[in-house]
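One chain, subunit A, links the two complexes that follow: it is found with subunit B in the first and with subunit C in the second.
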Partner chain A sequence: MSVLENIGRLEIKMFKAFTDTIMFAFKVIFRMFQRRTYSSAMRMVLLNQIYFTSVQILPLFFIVSIILGSLLVGIVFQLLKQLGLTDFFGNVLMGLIVTELSPFLTVLLITLRSSAAINTEMAVMKVNREIKTLEIFRIDIIDYLILPRIINGVISLVLLSSLFSILLLTSGILFSRLIFGMSIDVYSNIILNSANLSDIVISLIKCAIFGFFITLIPIRFGLKASQELTSIPIVVSGGMVGVFTAIIIIEVLSLITKLF
Partner chain B sequence: MSREFKVGLFIVCTTIAVLLALLYLSSEKGFFANVYTFTLSSKSGDGFTDGMPVVFSGFKIGQVSELELNEKGLVLIKIKIPQRHMKWIKADSTFILYRPLIGAARIVVTTNNLDSAPMPPRKIADVEIVNDINDLIKIVQPLIEKITQIAENLERISKKVDKMADKTDEQLYGKEGTLPQVNKILKNIINKLEKLDTTVDNINKISKDTSEGTKDFRMLRSDIDDAVNAMDKVVIKLDELISSKKNPEFEVP
Partner chain C sequence: MNIALIKQYHENMPRHKAEQIVLYALQRLGLLSIAYKRNPSLTNEERFCVMLLRAVMVRDAIVIIDRPLNIIPNLKGYDFIFQTLKKIEDFFITCHIYDYKWMAEKYGEI
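Moving on to the complex of A and B:
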């Protein structure tokens, strides 16, 4: 019985965590569309968050995107040539690399850099009672702390993923010329024929959802920290596991959406 | 550069790039362009699907938007062509449903005279069907029949070969077969050769003895040579003695 009890307890705990996250997400989304949320202080925090998450990372992001993207495109093109599937390279480039892999790689980069930082920041603020202090001063933590980070996540993910895709397509010009001896006209024609506007829109929406959850989950876990310093690593690791679980769930859901 | 400026620049530039890309894609996809619909007909709807590409010289110029069966039992295929590709669709254009062995099926438009009149919107053109798979099957079917015949012949031949092999086995390895008899002959030859070995040994001994005897002969010959030489000397002396005396008489010692 104890084993079954443990399984049941775990299930209830997981279900409660899931519903709590969804409820918290709805609360944040509701506040997102309220005009009074966007105070000058909030805008300043949002600006700083975008700066730290997107602008500061840009040189590194460009280097990683070019190296990783070129490798990816080069390997895929070479493989397609060897398999005699040259006709399908447009579909592979647009359907797999641009709409699937670029959001995934971007979300991984941003998660590793920013989600962990946000999680730790929130946990440290909780331990140092900074959040309590803000509440005493009647500063809304959702407006001041949570929303700027989440909106930043959404904006950064959408823009950086788009940049990644643009860089990939640019490196595709080079590799299609080197591997297939293809001119830019033919390349762009193939890409245009393979591109599906609905897939791109789904991909952008997916990026926005990624951005939302990879900031929301770390914040929620960070706020769960107790008053002890030892609780920081626990909530950070829990938050990161939650983020990666969310990424996988969103990927699966987006694939299911594409099927219909 | 202030932080605000950098963030603003990043957001504006990236948003413009994304929007331009989406706009370009939309316009190239004919999202904003006028789209013309033509109706084609076919006796069979096999191979036709919604969204199937319509290609001209290998380039996609439109797609199948609708399929329906009319009251005469003909399949009507409605294709949508954006305005910028209308120049390829003429009154004498032919439409072929091409189903390749590998890859997706498509409707191929061929226009021999690009200066001819545009295709009237109400005209219903026939679609010819080129089916690589069926054509290949038609070509391959006689070959397969021949291959089947060859396989049957091979089977018969292999059965005959099997029977021959059985007979040969009996003749070779049976009790009265060739190989057992050859074995007997070989055994006899080996026995005889073993007997011959002793004879050869005796001959070897004789030849050894003979070679030793020839050594004695050499010694004897040298002795005889010495004796003959001595005799020669005696004869020479006797000749000298006989020639120097008046009375060539001598007394034998």
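Moving on to the complex of A and C:
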């Protein structure tokens, strides 16, 4: 009986955490469309956040994208040649690498760098009572702290994933020449014919949803910290597990969407 | 410089304008040098001034100081508090200081 009770308790806890996150997400989305949210202070934080997430990461992002992208494109092209599926290389490049792997690898990179930082930042602010101080001065934490980070997550993910795709396609030029002996004109033609607008739109929407949740979940967990320093690692690890769970759920949901 | 945030947020003021107001107030207190310092590097007196400036950044500010010795434990005379308040008196409407009864004589006639 106690085993069943424990399972039930765990289920209730998980369901409550899930519904709380969804409710919080709706609250944030509602605020996102209110004009008064975009005050001078909020815009300043948003700009800083975009700089921290999208601009500061660029050198590392370029290196990782080029190395990882070239590796992926090289392996896939080599495999297609061995299997005699050269005709499908455009579909594979656009359908698998550009619309599936680019958002996934980008979200992993941003999660490792920014989500962890946001989670810790929120937890430290809570422990240091900085959030309490903001509330005392009637500074809305959703407007000033939460929304700039979430909007930044959405913008950064969409932009960086697009950049990742561009770098992949560019390295594809080199590998298509080396492996298939293909000219740039033929390569561009195949890519353009294989590009499906609905896939690209779904991919961009997926990036936006990724960006929303990989910032919202760490913030929520960070704000759960108590007044003790020891609560910081607990909420950070919890937040990161939550983020990776969300990434898997979104990835599965996007695959299901593509089936219809 | 996070003192400026309060004015910037409440009055939707550009950052540089809010910063100018804070710098002017700091200058009047003779504390311009601490403008870009962080909390841990401030002395108790400087921290008190920063807390006071934060409080007066809201419109029509009414300042309430609860047991000043809690903020500045090594304070010799309360004159420092009154002098500080006097230097920025146009930033707030009124100020109330609350302390224990047995501290009354330290405040003198005020």
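Here is the rule we use: the second predicted complex is superposed on the first by the 260 of 260 C-alpha atoms of A that agree within 3 Å, B and C clash if a C-alpha of one lies under 4 Å from a C-alpha of the other, contacts with A are read in each partner's own complex, and residues count from 1 in each chain.
Here, a contact is a pair of C-beta atoms (placed from the backbone, for glycine too) under 8 Å apart; a residue touches a chain by one contact, two chains touch by 3 or more.
Computed from a predicted model, the values in this text were never measured in an experiment.
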Which partner does A:D87 reach: the first (subunit B), the second (subunit C), both, or neither? first
Looking at the overlay, does A:Y51 come into contact with subunit B only (first), subunit C only (second), both, or neither? first
Using the superposition on chain A described above, determine whether A:S39 touches subunit B (first), subunit C (second), both, or neither. second
For A:I66, select first, second, both or neither according to whether it touches subunit B, subunit C, the two together, or no partner. neither
Subunit B or subunit C: which reaches more residues on subunit A? B
Return first, second, both or neither, reflecting whether A:N189 touches subunit B, subunit C, both chains, or no partner chain. first
Quick one: classify A:I139 as touching subunit B (first), subunit C (second), both or neither. second
Touching A:I155 in the superposition: subunit B (first), subunit C (second), both, neither? first
Shared subunit A contacts, counted only where both subunit B and subunit C touch the same residue: none
Name, in rising order, each residue of subunit C that touches subunit A in their complex. 5-6, 8-10, 12-15, 54, 57-58
Interface with subunit B, subunit A side, in the complex: residues 47-48, 50-51, 54-55, 58, 87, 155, 158-159, 162-163, 166, 189, 192-193, 195, 197, 200
What part of subunit B is in contact with subunit A in the complex they form? 3-4, 6-7, 10-11, 14-15, 17-18, 21-22, 25-26, 28-29, 31, 53, 59-60, 103
What part of subunit A is in contact with subunit C in the complex they form? 39-41, 44, 137-139, 144
